[in-house]
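Below are two complexes that have subunit A in common, paired first with subunit B and then with subunit C.
And then the complex of A and B:
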């Protein structure tokens, strides 16, 4: 335990859900559809399974070292040099992936709503809030999330239910027209989102009952998988082939919803989901990045690190990508293998080392 | 104590600076509301004709809904620009109108026949890419020039001509099933489908109570980006039967002795089955409909027993089948699969579709289609048999 906050397993489920849902409902339908076409929902099933597997490894790893983050136990497992390198990778990874999220966040707002507002306004705005919340610790972050996530899910529910009347289920047929290949291809970029359970490498150290980590992660991945499945099925049944050339199909869906004369133009709902969920996602990643960096440097406090990290994050978010197309090209084509290596590869290695070196608490396995 | 309070005071003070307005706000009076947009081909350029609302002429008052007040001018202002791209032409519209254009009230985009025959791509591109436009906007193709349709001052019962086209389409969709859905969403969906050809509204101008007025009549059939031909009213109805989009409406049929009889459609269901005979695709269209007798022009017709109603059913069935065949015939002649038969075969027989997909253009015009209509007549309105003269003839 580094920062004194304690969170329950249920709260951990909420945090994981918030990290994955807001961005994935907006970006995934298009990303998956490009490869998997009308079988996109099968890709979602595939990545949910994969996400369960990776989540389980992260959970097992965390349970072996209660109260410790990945930065701490990787040193213990691999020694100061190699272990330190692993810690550095994670500290860097959390900032880097967060730069993606911050940029996506502002890119989406600028493209669809605030054409004339400079990007940097959104970047600074969201990073400032993230730094502010992290300053007060995980407990504050968790409680905000406890209030916001239900709202986000209710709004998403409204969106999905109102789409039912205009859905054309036959858009899903024929199933597996081009075999399994495209389904798996569609799952690859999506897997990055579903492996964002990687935040638990840090957050398990704050769980009141670390032994429940595996169950909590599994619950969260199943919840996220279900939500994603509903979103993808809705988008494909309503928009059909249109999904392919819409960069934000879910937003489009919201724009065309109309329930009788009473309810129309519900796209601000998406904007709300996006802003509320997006800012919490950024904050959670920022928390993880800050804790990793502080522990790596052997500091006893992390407030200043949060501010410095926030500054680095803002700069990276603005300078790393030239334009929206470069951003989405990197996310779907270039980044996945590297991110998957960090999100899934390293935890597998660490768990293997811990197993063979008989390191960490294994009591949970015997009981 | 003062030290603690300084920060909130400064923050509140800063907030005041931003209270005067949003970042890129644009006041209502600086916007031009577009109600309809016409796009024509003019040489290498595109000519855009915009129908803008004039708010001062729109204002409240008793006659708001009725466009008949002779003292009130037509509350629209017409602007025209020309440029190589649609976005540029729209940009120039702001200069011509002196205001920034505002699209949420845009009802319909009308494309001129020449441009439609050449390519409709610039229009779908602009509509999809621009963040202010909604795909629920209607898409019409003008017989002749789109500019003429936009300029026509007649507005039916509405005050704004563009709004008339919007409400006319909606009403015709819901209550008489005479026009296609006609919005960009459906159009682009069909356009991007592998085998379905899209359909838009067909617009023409006519003289209505001493004014030129744009009206919807039939539909425009596309082959990819290009206009391939038109469906008339009867063929449009046939198209709607096949796609299963018939809601309400009246069918007139002929009684055995030549008099007319009208039926009201009370709901219908279309099922399309595809199959293969000797390796060749065949299509079966099954239409089941409920109807009611609405008007009989022969006093001798008896509507007293269930058997009487049964005898009338073939009349509706033949009429509907006729409309369906008319649509099929036209689609075959234009070689456009507007009904999405290819898509349905793909869904129902994925393996066989793979074999024939490449030749679909050659198969479609000769595709055997069986049409089966089953009508049931349930009601006869407020009376049974027609009233007969009491005195002996």
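And then the complex of A and C:
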């Protein structure tokens, strides 16, 4: 534990949900549909299982080193040089993935809502909020999350329920027409989203009861999987083959929703879900990046690191990609193996080392 | 020729030169004075120059280190010596003359006509000189005549002399004791031996009796000033429920609360706040419910206020609140005794301030600020419904104009096409951008509201008509604003009136403008950026140690009375965030009659 805040395991579940849901409901339907077509919902099941596995490893790792973040125990496990490198990887990873999120976020705003406004306005706005909330600490962050996530889920629920009348379930048939291959293929880019439980590598150190981390992560992944399943099924049943052409099928869904003569144009809901959830997602990643960087540098406070990180983040988010197409291409084609290595590979490695070196607290020790 | 003389006088008239200012060391000297004060030695050098008289120009005066303190150094010294007597707890003297002299000096008596130093002799044998000190106007003359002067001067001789002071077999120690025990039929008598206590009590409406030869004084209860009687609540009116409100009289206020909570555990502690006019503050709490840490914190904050003059609940609130920079109030001000009592019974602490019909309750949460007592007095579905309406009002008051600006400026696609056409059609002739339009209307609305408060009562109704009808209609007719905006502003105003707590309502009104600017800057995204920062502020805010958004955030055990109003028999526990000593308010089954067999008497059910 680096910063004094304590969070309960329920709050951890909320945090993980917030990290995954807002982006995944917007991008995943398209990404999965491109590969898996109408069996997209099966892909969701597959990645949920995968996410459970990775989450379990992260939970086990955190349970072995209560009160420590990945930066701290990787040094203990692998020595100062190699462990420091691992810490550096994570600090960089959190900033890099956050740059992705911030850019996605601002791209989405620019392409759909604010066509004239320069990109950098949104990037700075988002980053400012993230820095501001992180300045107050994890406790405030989780409390804001406690307040906002229910709103996000309620709005998502409204969106899904209102689209029931125009759903055509036959769009899902026939099941597994093309075999299992496309289903798994569709699951690969999606796995990146479901492995964002990686934030727990940092946040487990703030849990009041680290032993509950595994259960909390599992709960969160199941919750996210359920939400994702509902979203994908709704999108596929309503839009059918249109899904393939839409970069943001959920938004498309919302725009074309019409219940009765009066209820129309519910796409502000999507914007709200996106902004509310997206802000929190960025803030959580920013918190993790800040903590990792501060611990890597051996600092006692993290306020200044947060500001510097925010500056780096803003610059990266603006300069790294040309446009939305490049961004989308990178997310679905190039990035997944690297991200998966960081999100799942390194934790597995660390857990293996810890197991063989008999480091940390094991289930037997605690009794 | 007299008219010529008058004309000449008129023409040649020139005004007599007026006194430049009453203060010969004028007010405008103050900055210069601070300068010389800083310069230190320079002040001394300029001293001779200062003696040169007061007829010079202001600019010349500024240079001189000439201050009221120096000019009236004698008086300042005297004040200091009085201060010393009071602060130093100087004891009373044995000699009555000495005491009279000191008290006359303290009260500035020859000039000060309020204070009465009444000499009398106690009609014992031999008579003893005594002095009654009181302030005319805040004492009850009848009580003084009948319960102090008459027994001392007239009836004291009637008592058997042999049982008097000093004689063998006397039950009294001395004359002083006898006066206290036998001669004063007054319900509250205290004694003291310091000037300080005498002065405090006399200023509080009591009378002090000093007897020659004793270095003690008797303090007699003779308070009797004029005050407003208990009236109906003006700000927090309810339709069904008690119709009593606090008054300016702190003793009556405490009794109003105690009348509701008839429990020996209800403690009323008095704390004096402020220096030159020590304000009585009553801290009321349930000794068996309120968390001692909370009570200690309240008392610590109150007793550590160092200020000259804290004469009002609002000033006191600013002295004790946790975060002065956040707009929302962090104590609950109420004029309803039933509300204070209900909060005290939840384990919170009530602070009653003397001279003010508003009491404070701490700690407070966001949800408390949105509740009214009436929620509890009507049946639960209606109470809940009223609360929902109120929250809707809150959001409308805070965010509706901002959304108007955002939608008109950035997100036309958010509204259905027909409505959009109507809106743009009506806005077509308006020459301003939506932000200007909104600001014009919102500010004129605020103007109407402010003017409506300050306006004398008899013309008040006219203002409503002018404001609502003429201004709105004319603004639309003149194409300054669009009709839709009038609806927006009206709904916003109604929403802000639905917020029951006045200072919370004011804070929302101010925040509304922040949101309008953010919406003009970035549309819906701007509103959400503001909302995020607002949320961050709210959840990090604390009121006397308990989180402002509790029990929603951080999540705590929720009773059935925070967002909605549960049924009365469901409200079994006290709020978690005040950590009361007893959590349960009532047993799991409060409606025992459901379980007692019909025909059996009494409450001991199965």
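Following the convention adopted for this analysis, the second predicted complex is superposed on the first by the 361 of 367 C-alpha atoms of A that agree within 3 Å, B and C clash if a C-alpha of one lies under 4 Å from a C-alpha of the other, contacts with A are read in each partner's own complex, and residues count from 1 in each chain.
We take it that contacts are C-beta pairs under 8 Å (C-beta built on N, C-alpha and C of every residue); 3 or more make two chains touch, one makes a residue touch a chain.
Given the structure is predicted, the values throughout are model-derived calculations rather than measurements.
S.K.: As a test of reading the superposition: which chain, subunit B or subunit C, is in touch with more residues of subunit A?
M.R.: Looking at subunit A, the partner in contact with more of its residues is C.
S.K.: By the touch definition at the top of the document, which applies to A:113: first (subunit B), second (subunit C), both, or neither?
M.R.: It touches subunit B and subunit C both.
S.K.: Quick check for you: in the superposed arrangement, does A:132 touch first (subunit B), second (subunit C), both or neither?
M.R.: second
S.K.: Could you say whether A:144 touches subunit B, subunit C, both of them, or neither, answering first, second, both or neither?
M.R.: Once the two structures are laid over each other on A, A:144 reaches subunit C alone.
S.K.: Check the residue A:326 against both partner chains and state whether it touches subunit B (first), subunit C (second), both, or neither.
M.R.: Touch partners of A:326: none, neither subunit B nor subunit C.
S.K.: State which residues of subunit A lie in both footprints, the one left by subunit B and the one left by subunit C.
M.R.: Shared contact residues on subunit A: 113-114, 117, 121.
S.K.: Any idea which subunit A residues touch subunit B in the complex?
M.R.: The contact residues of subunit A facing subunit B are 111-117, 121, 170, 173-174, 177, 239-242, 244-246, 252, 255-256, 258.
S.K.: Would you pull the subunit A residues touching subunit C in the complex into a rising list?
M.R.: 8, 10-11, 109, 113-114, 117, 121-122, 125, 128-129, 132-133, 136, 139-140, 142-144, 146-148, 262, 264-265, 267-268, 271-272, 275-276, 279
S.K.: Hey, which residues of subunit C end up touching subunit A in the complex?
M.R.: The contact residues of subunit C facing subunit A are 410-411, 413-416, 522-526, 528-529, 532-533, 535-536, 539-540, 547, 549, 552-555.
S.K.: Would you tell me which residues of subunit B are touching subunit A in their complex?
M.R.: 23-24, 128, 131, 134-136, 185, 188-189, 192-194, 346-348, 350
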